[in-house]
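Pasting the structures in now, so scroll down.
Paired with subunit B in one complex and with subunit C in the other, subunit A is shared by the two complexes that follow.
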Partner chain A sequence: MRLKQNIVITETGFVFDSDTGDSYSTNPVGMELLEKLRAQMEMEEITAYMTGKYDVEPLQFQRYFDDFVIMLRHFNLMEEPE
Partner chain B sequence: MEKLKFERPVISRINAGIPDKFGMKTHIIPVTQIDGIPVKDILDRYGSPVYVISEKTVRSVYQEALHAFTTRYPKIQFAWSYKTNYLNAVCRIYHQEGSWAEVVSGFEYDKAIENGVPGNKIIFNGPDKSAEDLKKAIENGSLIHIDHSDELYDCIKIAKAEGKKAKVAIRVNMDTGIYPQWDRFGFNYENGEAWNAINKIMPEENLELTGLHTHIGTYIMTPSAYAVATSKLALLAVRIEKKYSHHIRYIDLGGGFASKNTLKGAYLPGTDTCPSFDDYAEAITNALNNSDIEYEHMPALFLETGRALIDDAGCILGTVLANKRLANGRRSLIIDIGVNLLFTSFWYEHNIAPAQFHQDDYEDTTIYGPLCMNIDVIRAAIMFPSLNKGDHVVISRTGAYNMTQWLQFITYRPRVVLINMKGEAEMIREQETNQTMNMLDVVPGHLKNKDE
Partner chain C sequence: MEGDRLTVAVTGLNNTDNPGPGVPVVRGIRESRELEARIIGLAYENLEPGIYMLEVADKAYKIPYPSAGTELFMDRIRDVHAREKIDLIIPNLDAELFTFIKLSKQLSDMGIRTFLPTIGQFEERQKGNLPEFGEKYNIKVPESFPLQSETDIRTIEEKFDYPVFVKGKFYDAYSAYNAEQVYTHFSRISAKWGLPVIVQQYIKGTEVNVVALGDGNGNTIAAVPMRKQYITDKGKAWGGITLSDTRMLDITRRLIRDTRWRGGMELEMIKTADGEYYMIEINPRIPAWVYLAVGAGQNIPEALVKLAMGMAVEPYETYEMGKMFIRYSYDLICNLQQFQQFSMDGEL
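Moving on, here comes the complex of A and B:
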């Protein structure tokens, strides 16, 4: 599970896909998750990190994370598995 | 170290050049309480979903409508349209306010009597009045609004047999300049049918023509259509005076005033486009005051307004069952309020609001009900914040027609709660149970289990 390499993320939550020219906006938690995905962190690691930092239950976080990843796939921002 | 507050991660595509039609950001204000009672408390106590009616709003809207008409015309009588909402408690509020009853079936007629409405203050409309219904209405001196000539002959026959004089009016349909023209109720004005009916009624010893009625349509956005209808009925009244020296006691403009709900396909919200009671009153009373009816014989003006009186007073509270992504990535929300309970969602874009403060992440969302049916769509497209399973929602302006047209389908119809003038919640209709549904079923002997 990895974010496409060409995706640009700015400090203000602006996300740009240089392949398609499409741009997106995300919130601070979304930005943090994008960085973790870019770093190829696994879901378990991300969950542990986020639930340690933020006041959120692991199951609740996973629900939100799943939905976030569905949207990333829908927007073609994730590397497809070979 | 204290953990940071978590915010759901969101990402959305930036579509430059396509703002919403008003060029503004969507913002839905949560509805956290109804008449001072927290939504959560109501749901905890009465279950989810639950209909809530505000007595305060029922009374204040009624007074607003009454004021609009009584300040323009001296003889005004509202008759509560039972079919719009015939919960006994609701009907009784309107009767306490001075409203008569307008019913369209034997069932509703009996309800009105049981609610304490004197027979002579019941208007009996509708195309289906059995011989038994008519007999009862004649005996009680109710105002029978004749819908078709078969009913007219039934009235003549029954009144004669009973040796009574039935108080009747004719229902008149007409061209008021709006589309579609409703011509299914009563006798047509333009082709002379209405006048023919009057000519049949007037010589009958057992019938007294007390009024003229019309019901030009529903959700009428054009007050001038009522002005046309009023003028045409007034002209009929003048002709009756002239030919029979008979004075019509009332003109009944029926119902049809729009509520502030937004119709599907409407460009602007109903709150911006719906005429006020003053607009309707101005059109109707001007037409009546300017008619050729003799001043000393001006008829009373009857109104059977339903939707516009009760819609704002009702809301349904429900709970989020699930979040889903559709195949195209679109967000969808499943709530426990289906089209079986919210019949009006077939023609309205209902206002839906979360019942708690929410994250500011609006996304184009489809809101489904809980039925295992593809048509169970409460809102096909609405910019809505993300909610969690178990969060609550409030759908407002649902007081009209839903609690009479709701369907019992795959589950029980819910409780209805009234928030009274003291701000206290009282249940006015119990939830259906398995027993309620089974008591009407009859299982033939050969299908019974051994232990039954």
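Moving on, here comes the complex of A and C:
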């Protein structure tokens, strides 16, 4: 699970896909998740990090995270497995 | 050429809501650190804004439309040349390109250079020839066929599902959802641009474009891909952004290599949701958004001038992605005297 390499994320939460010219905006939590995905962290590592930092149960976080990744795939921002 | 100073004549000064490429081409040449050029504007209409924009042309002349006849057209070019000693003409409008290509030998004999595709290159990428072009160069193109008369419209449903695109041979493209709409567009387009009118299969996806320059030996000297971010009701880009799309660049380089394209070009493509690229058009000239390429690091007008003048040109390898342009309108205040002078004397 990895973010496409050509995605630019600025410190204000502006997300730019340089392949398509599409741009998006995200909040600070979304930025954190995108950075973890860019670093190719596994689901378990991301869950451990986020539940340690924020007041959220692992199952609840994983549900939100799944939704987030589905949205990223919908916007074609994730590397698809070969 | 006086010393190292070039005299470059440019058409397409119609910087309107359907802008010609003349003004951005001149901006690129003016910003060159290697060229010093006197710019001669060649205009077909009295109200082409580039005539009155002081920073664009050093001198502007009115010229007759090529449709008025080649002799009349050449007489005027000879007249301007006698006064200005033109080194190079850069024609920027589709409707005049055929004439300039045909006259390039005559112009060359007069000492005026051009840097244009050959007649063969120009003809084979015509909208009506696109299916054969796609097959020859192994590029996906939407299916299309020419309408020579209104009766041909009845045959569309045998070939395509609606919607379809209805296109003029030089300009204009409209989507049509039924035969009635095709009739309307056919009448409008054929009255303006003549026959044939082209019907093209509708490909769903995102339109992406590349501005490129070929040296005539198969080498790509410059290429910058762009996506329109804001499109006017005439389908023209009012804002756009450079992309890092390597597949589009590969397609462009392959096409320039295989066709040995000479001159500027704009490649219009549709990228589908599953990542396929369909070429919908090749414009055989620099497009009006070329200044985005200049801003992104590839001064295509400058490179074209250098190629035309036989100067060494290194191919551009990089550009800045995420560079944007936003067009704007601006009210230029002119005096009646200027308008009167251009209208009556044909020069300003």
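The working rule: the second predicted complex is superposed on the first by the 82 of 82 C-alpha atoms of A that agree within 3 Å, B and C clash if a C-alpha of one lies under 4 Å from a C-alpha of the other, contacts with A are read in each partner's own complex, and residues count from 1 in each chain.
Simple rule for what comes next: a contact is a pair of C-beta atoms (placed from the backbone, for glycine too) under 8 Å apart; a residue touches a chain by one contact, two chains touch by 3 or more.
Owing to the predicted nature of the structure, the values given are computational and were not obtained by experimental measurement.
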Check your understanding: subunit A superposed: clash or fit between subunit B and subunit C?
Key -> fit
Point to revise | More subunit A residues in contact [subunit B versus subunit C] | key: B
Point to revise | Angle, in degrees and to the nearest 10, that opens at subunit A between the C-alpha centres of subunit B and subunit C | key: 90
Practice item. Kindly classify A:18 by the partners it touches after superposition: subunit B alone (first), subunit C alone (second), both, or neither? Key: second
Practice item. For A:70, select first, second, both or neither according to whether it touches subunit B, subunit C, the two together, or no partner. Key: first
Practice item. Would you check which partner chain A:49 touches, where first means subunit B only, second means subunit C only, and both and neither mean what they say? Key: neither
Check your understanding: Now for A:8: first (subunit B), second (subunit C), both, or neither, which partner does it touch?
Key -> second
Practice item. If you've got the overlay open, could you tell me the nearest Cα approach between subunit B and subunit C in whole angstrom? Key: 8
Review point. In their shared complex, at which residues does subunit A touch subunit C?
Key: 6, 8, 16, 18-21
Study note, to complete from the structure: As the complex stands, subunit C meets subunit A at residues 206, 226-227, 229, 240-241, 243-245, 271, 321-322
Check your understanding: If you look only at subunit A, which of its residues touch subunit B in the complex?
Key -> 15, 22-30, 32-33, 50, 52-56, 60-61, 63-65, 67-68, 70-72, 74-75
Exercise for review: Can you check the complex and tell me which residues of subunit B touch subunit A?
Suggested key: 3-14, 323, 325, 328-329, 361, 388
